[in-house]
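Chain naming follows the written order as A, B, C and D, and within any one chain the residues start at number 1.
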Amino acid sequence: MLRSACLLFQCNDRVGIIAELVTFFRDSNVSISRFEEYTDNQYFFARLEWKGDHPWDDASDFEAAFSGVADSFESASFRVHFFDKPQKLGLFSSKEPHTLIEAINRCEAGEYPNTEICFLISNSAEIQRYAQRHDIPFHFVKTWKDPKRHEPAQMELIQQHKPDLIGLARYMKILSAEFIENAGCPIVNIHHSFLPSFIGAKPYELAYERGVKLIGATSHYVIPELDQGPIIEQDVIRVEPGDSVDHMKKIGRDVEKRVFATALEKALWHKTITYDNKTIVFN
Amino acid sequence: MLRSACLLFQCNDRVGIIAELVTFFRDSNVSISRFEEYTDNQYFFARLEWKGDHPWDDASDFEAAFSGVADSFESASFRVHFFDKPQKLGLFSSKEPHTLIEAINRCEAGEYPNTEICFLISNSAEIQRYAQRHDIPFHFVKTWKDPKRHEPAQMELIQQHKPDLIGLARYMKILSAEFIENAGCPIVNIHHSFLPSFIGAKPYELAYERGVKLIGATSHYVIPELDQGPIIEQDVIRVEPGDSVDHMKKIGRDVEKRVFATALEKALWHKTITYDNKTIVFN
Amino acid sequence: MLRSACLLFQCNDRVGIIAELVTFFRDSNVSISRFEEYTDNQYFFARLEWKGDHPWDDASDFEAAFSGVADSFESASFRVHFFDKPQKLGLFSSKEPHTLIEAINRCEAGEYPNTEICFLISNSAEIQRYAQRHDIPFHFVKTWKDPKRHEPAQMELIQQHKPDLIGLARYMKILSAEFIENAGCPIVNIHHSFLPSFIGAKPYELAYERGVKLIGATSHYVIPELDQGPIIEQDVIRVEPGDSVDHMKKIGRDVEKRVFATALEKALWHKTITYDNKTIVFN
Amino acid sequence: MLRSACLLFQCNDRVGIIAELVTFFRDSNVSISRFEEYTDNQYFFARLEWKGDHPWDDASDFEAAFSGVADSFESASFRVHFFDKPQKLGLFSSKEPHTLIEAINRCEAGEYPNTEICFLISNSAEIQRYAQRHDIPFHFVKTWKDPKRHEPAQMELIQQHKPDLIGLARYMKILSAEFIENAGCPIVNIHHSFLPSFIGAKPYELAYERGVKLIGATSHYVIPELDQGPIIEQDVIRVEPGDSVDHMKKIGRDVEKRVFATALEKALWHKTITYDNKTIVFN
C-alpha cells in the first residue's frame, strides 16, 4: 500500500495561486495525484492528494515545510492529513438506531480511511446491542433537559478517548456552546429535514403540515446555533399523495442514512473546508 | 374521440364511501376508467375518470344528478370537468421568459387538454415577441410598487377574457388579496426556491448564503399570504462546489420550467384538490 | 392492532369491474381502506386493503367466499394475504454482505409485515457473523459451477423451513430451472446493473467500458432465463468524471441496498402482481 | 467583458504533468482561473480556463506556443478555444420538435457561448415554423431509406455553412459513415433510451415491453456504429404503474430535452474530451 496524504488549503484569491502551490510540490519531488480547486472570486480553496514516496515524516513535518509557502498568501490556512494515521470516530445516539447502524456498517465495510469507532454514547439502554454486535465500547449516559447535568459525563469520555470526529446519529439533544467548544474535534449532526426548512423538533410533522412534495435530510457541522451550522450534505425523497407523517418518517430514514453516512465519509476523507458558515465539499 | 370527464370529490372519511361513489356510476350505466383515492383518516379524497357515452349533457347536468349523492356524505364537496369543454389559460410575466416559453410550448404541443392561452400580460415590453410568435394576445401593463395602480387594468383584461386558470410565469409582483379574490379562477405561481425555505425576493442569493447543497423550485396556488399557498409541485437540483449565484440561477431555470409546467398540467387536467392549505395531487 | 388484509386481483379489462369488486365487499359489510387499480386496456389489475372486523377467518375462508365473484370475470386470478399471518423470508448470499445487512436490518426494524428471517444460506463462511449477530440460522453450503452439486443441499433446507419468499442478496450463482420451480415460493434477486443493460457477470466493468453516465441496480423475480425476470424496482446514481470501476462499485452498493430492500418490501407487503413478464407494483 | 479561453489536454499519465502544464501558463504570465483534471491511471485529462490579458492572438497562435510543451508528453493531444470566437451550430430534425425547440430557446437565451444556429435541416415541412419564429435558415431535404439519396444535398448545406457542431434533434435517420467523416465537425445525437439498453428504433415500446421502472435518454457523439458513440449525458425518469407507452413518450420528452440541451452545452463550452469511445465531461 502506497502512502497517501492530502492538503486542504484556502486563502484570499489572487493571480498565480495554483502555480505556486504546484511548484512547492514539484520542488519537493512529489507528484500530485489529484488536484481540485474552487473560488468564489474572493477566496480560493483547494485540495491536493499525493501518493507514494515523499520527504515528510508526518503532518507536523509537512506543516513545518509548507508554512513558509502558506505565509506568502493572504489570509491563508491549511490542514494536512496522512492517511496512514488512524482516526477515531465517536458516536452519540438516542433511541432511533437507523443512522447509527448505517455508520457502523460502513465503518466495518472499510468505507472510511483507517477509522475505528472509539465509543458509542447513548441515553437509551436499548442501543447497547448495536454496539455489542460490533464490539464498540458503549456508554449509557442519561440526559436531562439541562445539558449541564449530563455533558460532564460525556466530556469525560471524550477526553479519555480523544476522537478525531464526533457523529451525532439522531442524538436529538441540544449541545451547549461550551461542550462544542471543548469537544476538541468537529461534530457532524444529521437533521431530519431539508434545512433551512423545519428547524428544531418534529420536522416531519411540520413538513406534513406545510404540504411539501419532497422531504429531506441535512448533515452539517455543529455550531452553537441550533441547525445553523455549515451544511455538508443534503438529499430529498418524493412524498406521494396520501403519505402519512408515519410514512414520511419511514421513507425519510433512508435519506437520513445516506446523508449522514456521506457527511461522515467526506469529513473522514478530509474533503471539507468550512468557510463563512458554508462547507466546500470536494469530490 | 370518446367523450371523457372527471370528478373530484372530498368528504369526511367514514366506512363505505368508495362503494357508494362507485354505485352511483354503475346505476348511471357509466364505467369508471380510472379511480384514485386517498385519505388522511379524517378526510377522504377521490378522483374518478370515465370515458364514452354517459347520460349527462354537461357539468351542470352532472351536478344536478350527483348532488343528492354528495349530500349523503358529511362535509362533502365536488367538482366535475368535461374534457370536451375548452379551457382558457391566462399568463402573467415579468422580464424572465424561461417559464413562460415552457408553458407556451407545452400548450402548443397539446400537453394541456383542450386549452388555449387567452392572454399574456407583462410589465416588460421585451416579452411581447414571445406572444407574437404564437399569436397570443399580448397586453403590456406597467406595474408599480403599489398594486392598486396597475391591478385595475389587469382585472379589466381578466374580466374580458374570463380565464379558467391564471399562471404567474415568474411575474414577480405581489398580488393584492382583493385581486386574488376577484380573479374568478385559481392562480398558479412559480417560486424559485424549495419552499418554505427562502420566501420572498432573492431566493438564490439566500440559498447561496446558507450554503445549501440542493436548490429547488415550488409551484403553488396563490393565496394572500406571500409564498404560503398550497404547494402543487416541487423539485430540486444539486449544487456543485464552486457554483456561483449566477450559475445557481442558470441551473435553477431548468427546475423552475419543469415544476411550473407540471403544476399547470395538474391544474388543467383537474388533478388537484386543495384542502387545509395543502394540495392533493392525483397521478 | 386491527386485523388487516389485502386482495390482489387481475382479469381481462371490461366495463364495470370496479363496481363489482366494491359491491362484493359492501355486501360483506367490509369497508375498503385502500383501493388502487391500473389497466393497460387489455388487462385490469387492482389491490384492495381492508382493516378491522370482517367475516373471514383466514385466506382460504376468503377464497371460498370470493371465488364465485372472481369466476364472473374473464381470465381472472387473485391472491389474498392476511397480515396477521407470519411470513418467513429465506436469504442466500455470497461474500458481498451489503445487501444482506440492509435486508436484515430492515427486517429487524419492523419494516416488513410480521416477517422473520428463517435462514441464511451462503457459500462464504465469512458471512456467518452477520447471521450470528441477529440469531438467524446460518447454513454454509459450498457451491460449484454445476448447480446440481449444491442445489440438493439448499433445497433440503428450503423444504425444511418452507419460506414464503427467498431473497438472493448478491448470491451471484445461477439457479437451475428445476430449483426455481421447486422452491415453492417467489425468489427476488438483486442485479448490480440497470437492466436490460449489462446482463450477467461484471456489470460495473461493462458500464465503465461503455462510458455510461449513470449506473444502476435492478431487483426482479427470478425466472430460468438469467436476469430476464419481471422487474420490481430499479434505481440509478450519477457517475462523476474520473470515477474508477472500484469507485463505481462503492457508490453502486448504496443503490443495490435501496433497490433490494424496496423489492423485498413490495413483495412482503403483497404489492406486486406479475403479468406478461412485467411486475405491477402498487404504492 | 474579459477575454477568456480554455485548453483541453490529454496524454499518457506520469508524474509531474500538472506542474509542467501550470508552469507553462505561469511563464506566459497567464493566471489559470479554473483547473480540472482526471486520470484513469493510464491516461491524464485536463481542462484549464483563463481570463483576461494573455499573449496569444488566437487559437493558432496559442497552438504554436504550446505545441513544444505538448510534445514533451507521451501521446499528448490538445485543443484550445477562445470564447470570443463565434461558433455555428447546425441542427437536423424530423417531425418531433421538442428537443429542437429546447435547443433553439437555450441558444436564444444565451446559454451557449457566442453561438448562432446557422441552419435547420428537416425532412418535415411542418418544422419550418420553428425556424421562422427565430429567423433560422430552414432547408427542407426529403429523406429516403438509402442515405445516398439525400445526404449529398445535406452535405452541400454543411459545406456552405461550415458549422462547428451539428446537433441531431430527434433526426431519426441513420447517417452513413462517409457523411460522418465528411461533416467536418462533431455530431451530437439524442437517443430516446438509456443506452446501451434499447438501441435503434422504438425504444419506448421496448422499455414498456421489458417492464423497466425508469426510462431515460442518452446524448452521444455520433460514430458509424448506430447508438454506439461516446456518451456525453444521460438521465432517467421514473415510470409509474399503469403508464402506457404514450405516457412514457410524453414524460420521456422532458428527459430528452434536458439531456440533449446539456450535451450541446458541454460540447459548445468545450468541456468534453472523447477517448477510447468514452467522453470525459468537465464541470
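The rule is simple: contacts are C-beta pairs under 8 Å (C-beta built on N, C-alpha and C of every residue); 3 or more make two chains touch, one makes a residue touch a chain.
Given the structure is predicted, the values throughout are model-derived calculations rather than measurements.
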| item | value |
| --- | --- |
| Chains touching both subunit C and subunit D, listed by label | A, B |
| Fraction-based call for subunit D against subunit A, same above half, different below | same |
| Angle of the C-alpha superposing rotation, subunit B to subunit D, to the nearest 5 degrees | 180 |
| Pair exhibiting more inter-chain C-beta contacts, B-C or A-B | A-B |
| From the options A-D, B-D or C-D, the pair that copies A-C, where over half of the contact pairs coincide | B-D |
| Chain whose Cα centroid lies at the greatest distance from that of subunit D | C |
| Centre-of-Cα separation between subunit C and subunit B, whole angstrom | 38 |
| Distance from subunit B to subunit A - Cα centre to Cα centre, in angstrom | 41 |
| Set of subunit B residues in contact with two or more other chains | 39, 283 |
| For the subunit B and subunit C complex, residues of the former touching the latter | 15-16, 18-19, 22-23, 25-26, 31-37, 39 |
| Subunit A-facing residues of subunit C, complex | 97-98, 101, 105, 109, 111, 133, 240, 242, 250, 254, 258, 283 |
| Residues on subunit D engaged by subunit C in the complex (per definition of touch) | 38-41, 194-198, 210-214, 216, 230-236, 241-242, 244, 277-283 |
